[in-house]
Amino acid sequence: MTDFFYNYLHIYLFVALFLLFCGIAGVVYRRTLIGMLVSMELIMNGAGLNLVALNRFISPENAYGMAFTLIIMGIAAAEAAIALGIILLIFRKYRHIEGGDLKEMKD
Amino acid sequence: MTVSPSAFITGAVSLITGLGVTIKAFFQPVVTSQYPRQLLNISPRFRGHTKLLADKDNLGKNGCIACGICVRNCPSGSIKSAEGEKREGEKRKTATTYILDYTTCSQCGICVESCPSDCLAFSADFNAAGFKREDFYYDLVKEFEKRKNAS
Amino acid sequence: MEKVLDLARANSIWPLTFGLACCAIEMMSSAMSRFDLDRFGAGVFRASPRQADLMIVTGTVTKKMAPVLTTLYDQMPSPKWVIAMGNCAISGGPFVFEGQYNVIEGVDLLVPVDVYVPGCPPRPEGLLEGFLKLEEKITGTRRFPGPESRW
Amino acid sequence: MSIGELIFLLTIIVTMGGALMAVLSGSVVYALMGLVTAMFGVAGLYVYLDSPFLAMMQILIYVGAVSVLIAFAVMLIGPLYRRPKEWTTAGKFGAALGVALVTLFMFVRFVTETFPRVGKPSFAMTTKEIGRLFFDNLVLPFELISLLIVVAILGAIMLALFSRGNK
Amino acid sequence: MEQIVNMIGRETLKTIVGLIGVLVFVVFNALILTWAERKVAGHMQRRIGPKEVGPYGLIQPIADAIKLLGKEILTPREVDRPLYYLAPILIFVPVLVSFIVIPFDASLQVKDINVGILVILAFSSLSVFSILMAGWGSNNKYALIGAIRSVAQNIAYEIPLLLALLPVIMMANSFSLKTIVEAQKGLWFVVYQPLAFCIYFISAVAETNRTPFDLPEAESELVAGYHTEYSGMRFALFFLAEYTNIFIVSAIAVTFFLGGYQGPFLPGIIWFLLKSYLLVFVIIWLRWTYPRVRFDQLLNVSWKALIPLAFINLLITGGLLKL
Amino acid sequence: MVESIKTELGAALQGVEIAEANYLERGYHLSLEVASGELLNAARFFDERGFYLAAIVCVDYREYLELVYLFANHASLCKVKVTLKVDPAKPVAPTISAIFDCAYWHEREIREFYGVLFDGHPNMTYLFLHDGIDFYPLRKEQIPVTDDDKRALGSFRPGEGEDTFFVNLGPQHPSTHGVLRVVLKMDGEYIEEAQPVLGYLHRMHEKMAENRSYLQFLPNTGRMDYLGPMAFNLGYVTAVERLCGIPVPDRANCVRVIATELNRISSHLLWLGAYLADLGALTPFLFVFDDREQINDILEGITGSRLTYCYFRFGGLYNDVEEAFIAGTKAFIERMRSRFSLYEKLVGGNVIFINRTRGIGVITKERARKQAVSGPVLRGAGIPMDMRKTEPCAAYGEMDFDVPVGTRGDALDIYHVRIREMENALKIIEQALARLPEGPVMAEKAPKKLKPPKGDLYHTVETPRGELGIYIVSDESDKPYRMKWRVPSFSNLMIFPELAKGNLLADAVAILGSLDLVIPEIDR
């Protein structure tokens, strides 16, 4: 009964790790700001998955992991809103959204 | 867009009166005349394409004397030809062909007005439609004969 | 199977919202309460050529408009049909004269036309008759005996 | 293999595929589509972790809000913007390989050593409990996150207004 | 875990049957609604509407459907193919998912999920995505503007929609649609929550892109909006989804505010359909009465009127419930 | 007014001979010929005194091209014709588009039809014609367009750039009611620049007029403005009657007024419906067509046609009216009065409609004058100018009616002006019916073949859309030597780019709709 795939913590952690590294690779190698943002979201997803899985397997008597995942979601939403505002602003100013070329951020 | 309560209420009322108009119309009878089943009373003055009328003195033949006035007067050159022959015992010519290219006609009525023998009139052919452009090159003389034979 | 498809097509002809000139008003009239094209399922005027089945060319096609018209025709998915409504669309109508430089003398020079509805402009009944003719062309049989032509 | 397992495997493949697509695809739109796929996959995994509420919130917030926002920005910028080349084919391949290798290495090196191969114990956390937790032990983070969201909304509005007024 | 195994094992059949039923219903509903829309519009404009095709024109939608299926499958050259192909299919997912949890009758429900309403709301955001994909994939300016409008509109109206449903969820103390319906044994929630009902209805009309909020497909501005480049079958899918969405938002309104399948004398399903189609009629009625609002007005209505009102309503409800 | 202008003009332009013309025969009070150096001074003079530029006409006299500038005044009846002779071999003239904005388009039109270059004009691209035309169509001799000229002309193409986003409104577009094309340069949903492209329905009316006799041109008038053909008909026949001095029987005049006003109502009704369709409400469209059908029935009863009536003839009418017509018209007046409240409920009071139109497309009095807009658009801007009052033809002089004006000049005002104009039209019809005299409807001595005396005439009438001016030059033959149609929609459209700028796309549609354009009339 308990030997179904989905009853093993490791699989979830593996997926979470994968998401994390994908995200990191994206953040590092993506040139457009939007692409970076997409990769950041991947990292957050990985973190959320990690938390829930650990919560579920290691300490099933409380729900802190889930609660924190919800908080992560809130942060992700807020971050996306702000980041996109900034991206749009940058686009209006410089007519491009390539992170590497943004040398000056002061004005 | 700051909305004062009174403006809000008048706005809402206006929306509801609008709904009232359409729902009233919903229950009113329709005004449709269902074309192939019903026909409207089309005005007797309706301008279709032209047709030839019979001679006033001799109802058996068409009244066109092939004078060519309509051909000259037509603004868009729709009347291609009006030719006739002089028959025996008659003072004037009688048309043998009268080709009307209805596809360039603008239904203005100048030909009808200018006809010296008053033998042109508008037909009531209100629903012409066809598969070919050539369907509407009418020979009014032939058509006149057809009508005569039919009646 | 093909027959069912044809029947469906004939009864669900969605025209393109494509008004060119005077005849466009009569095309609108025929879609309105008095004549109600929707009775035949043809009242869904689509603004996008991709979703239309029928192009009603209502009025004069000028040389400047011609490329636009052919583009629109090409954008329509087949099976598609064209009704040339009004004399201008059929042959350039009253705007053809010697030395004219801007009018296409008949939309059939640009795209294949299925049904011609002459008149300047034709009455809405004429357009409805054109629709019935188109149905006849699609299915092979005429649905309504229809009113006789009145000369 | 039961249907449940099959679906589970599918979910994992979808998640990982989506993540790869999000990172590797040349066009931002496809990256976004990949992200959405990955998010759906994660939501599916949440279902397997017995938290359907979280799964729904995941879709609602990530798909419904975050990615829609990103998509919105892409569309606004899109028609005016020639996208730069992000990856060469070789680079793509290398990156994918690198990510896979690193993941595998980390997994073998740390995860399997740190955490035991435990089975899933029974679990009865309901939405109500999570809510309770928020207003009980986690009230400070909760308040902070609320504040953050308010600030974010205000900031976004200010940015939008500023860019409009700037013109 | 036990649950899941059971669900997949035993209830797979039930779900599949339910899905097929849902599909049939979706098609049937869309056919009826297109006919009804044209008929209602016709009579509101004092004309007949479809008449010659079948008795009362009832065959009309079938003819339309067959015709659309029989059209040439045309893919414009410049489109972004994967997105272009995927969009009309994707727009169908939320529609099907939503039907799974709607209780048509006390026993007529594919699956009663305890986060039912969240499922509907979560998946409804997918339709935004498919609109975006359609707009972007079509590579057409009108479609793109339509898509952008649609997204802004959906973001703006999703919030009041949710906020209007929350008081009911609080009162019923459950996310499950069935429980919510059962909670209305006595009085319908519309009596307690008239404001929430109004807000929900307005937002729902906006979410389904219907006049007066039909900006994404505003004909006079954007030709046909996001589905400008779609033809034949693919267009039919959009069409189908639109009408199904209308039904879904009405059904949710009925479930949440109008007592769902409850009513005297008649069987529950009849009551449910009756109420739902009444709301659908109202939506059609609105369409054939009002002009379209402008883009900034549309957003203003949501941000400056509906959302604050919904918040106030939510606060008051919460306060009253605690007392 | 005329006297004072004459003396002031004499003082301002030294050495220019100012002739007083017989207004009744010529349609203008003063005429003067200027050299090209003085044109700007003259234009400035008229600008300062609040004149508007009604039209610029070019006439090809073979030996020279004559540019005719027609100035008129909103405040009082004073029309001045200023002419400028141009060398046909190398036609160059100074532009006055910096002073009168409406000249911008008139000059472009003359450039492509006559090849006259306007010095200093900011944009001399093709407006009407397509690329393939290699001669100047309205010149009496066929003169090929030189290669240089062709390159300079070229038809309009939107520029391609990374930072621009163009949207085409038309030529096939649901909101343009025909084949107008407006190229919009967008910034998101906002319009940065709007550029109309005309000529998709250029049907060569002015060229045809030179090839046909006066009578043969008559059917064309109904096709120029297919929504208000009666008014165009009326304008043309009264112009020719004025040129030839043909008297018209009283009864015919009354019937002319009734028919024209009925047509005005039907035109405004169609505008209302189409406008609401632009704004997204389709039902009013069908409601107004219901009313229009009543008018069509009445008018078809007397004319035999539903749209392109061609009813008036030189010296009278095509045929007499009957009792049925009078009864039908009376019934229609009854019906129409009750319909206004319905429209008020469905449209005028609707909060969405009000919010969509209030403050949109505001036209100031000054802009209205500079762009020479006319008709309801001008009256919406607050200038009570109506040709039916100032220059009454037919029996308009004996009718009592109001000229409704707006206060803000926005689209909502224009809507109200049109609605009240319909009410006033009903009033006019009632009066005309009441005093409909017995008698013939055709002048007895109307000549069969018209050969007007040599001379020119600028004749104006009020069509549903505004000032229709017909400038006819006669050379004593049976065909007009030159006939220029100063059409209201053309002038009204000219103000659109300015109104649309900085507005939302939806507003642009609302503004375009409020101008009530009929495209064949613009393109001619």
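By written order: A, B, C, D, E and F. Residues from 1 in each chain.
The criterion applied here is as follows: contacts are C-beta pairs under 8 Å (C-beta built on N, C-alpha and C of every residue); 3 or more make two chains touch, one makes a residue touch a chain.
Fair warning: this is a prediction, and the values are worked out from it, not measured in the lab.
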| item | value |
| --- | --- |
| Of all other chains, the one whose Cα centre sits farthest from subunit C | A |
| Central chain (distance from its CA mean to the mean of all protein CA atoms) | C |
| B-F or B-E, whichever has more C-beta pairs in contact | B-F |
| Inter-chain centre distance, subunit A versus subunit B - centres from mean C-alpha coordinates, in Å | 73 |
| Length of the line joining the C-alpha centres of subunit A and subunit D, rounded to whole Å | 5 |
| Centroid spacing, where centroids are CA-atom means, of subunit E and subunit F in whole angstrom | 48 |
| Whole-Å gap between the CA centroids of subunit C and subunit E | 36 |
| Multi-partner residues of subunit B (each touching 2 or more other chains) | 15, 18, 21-22, 25, 30-32, 34, 42, 75-76, 106-107 |
| Per-residue multi-chain contacts in subunit C, two or more chains | 17, 32-34, 36, 39, 47, 94-95, 97, 120, 123 |
| Multi-chain contact residues (two or more partners), subunit E | 1, 5, 42, 44-48, 51, 141, 219, 223, 288-290, 297 |
| Subunit B partner contacts - residues on subunit E that touch it in the complex | 40, 42-48, 51, 285-286, 288-290, 297, 300, 304-305 |
| In the complex, subunit D residues that touch subunit E | 2-4, 7, 29-30, 33, 36, 47-48, 50, 52-53, 56-57, 59-60, 63-65, 67-69, 71-72, 74-76, 78-79, 120, 122, 127 |
| Subunit C to subunit B touching residues, read off their complex | 33-36, 39, 87, 90-97, 106, 108, 114-120, 122-126, 128-130, 132-133, 137, 144-147, 149-151 |
| Subunit F-facing residues of subunit B, complex | 10-12, 14-15, 17-18, 20-22, 25, 31, 42-43, 45-47, 73-76, 106-110, 113, 122 |
| Interface residues, subunit F side, partner subunit B - complex | 212, 215-220, 223, 283, 287, 290, 293, 297, 300-305, 308, 310, 313, 318-319, 342, 345-346, 349-352 |
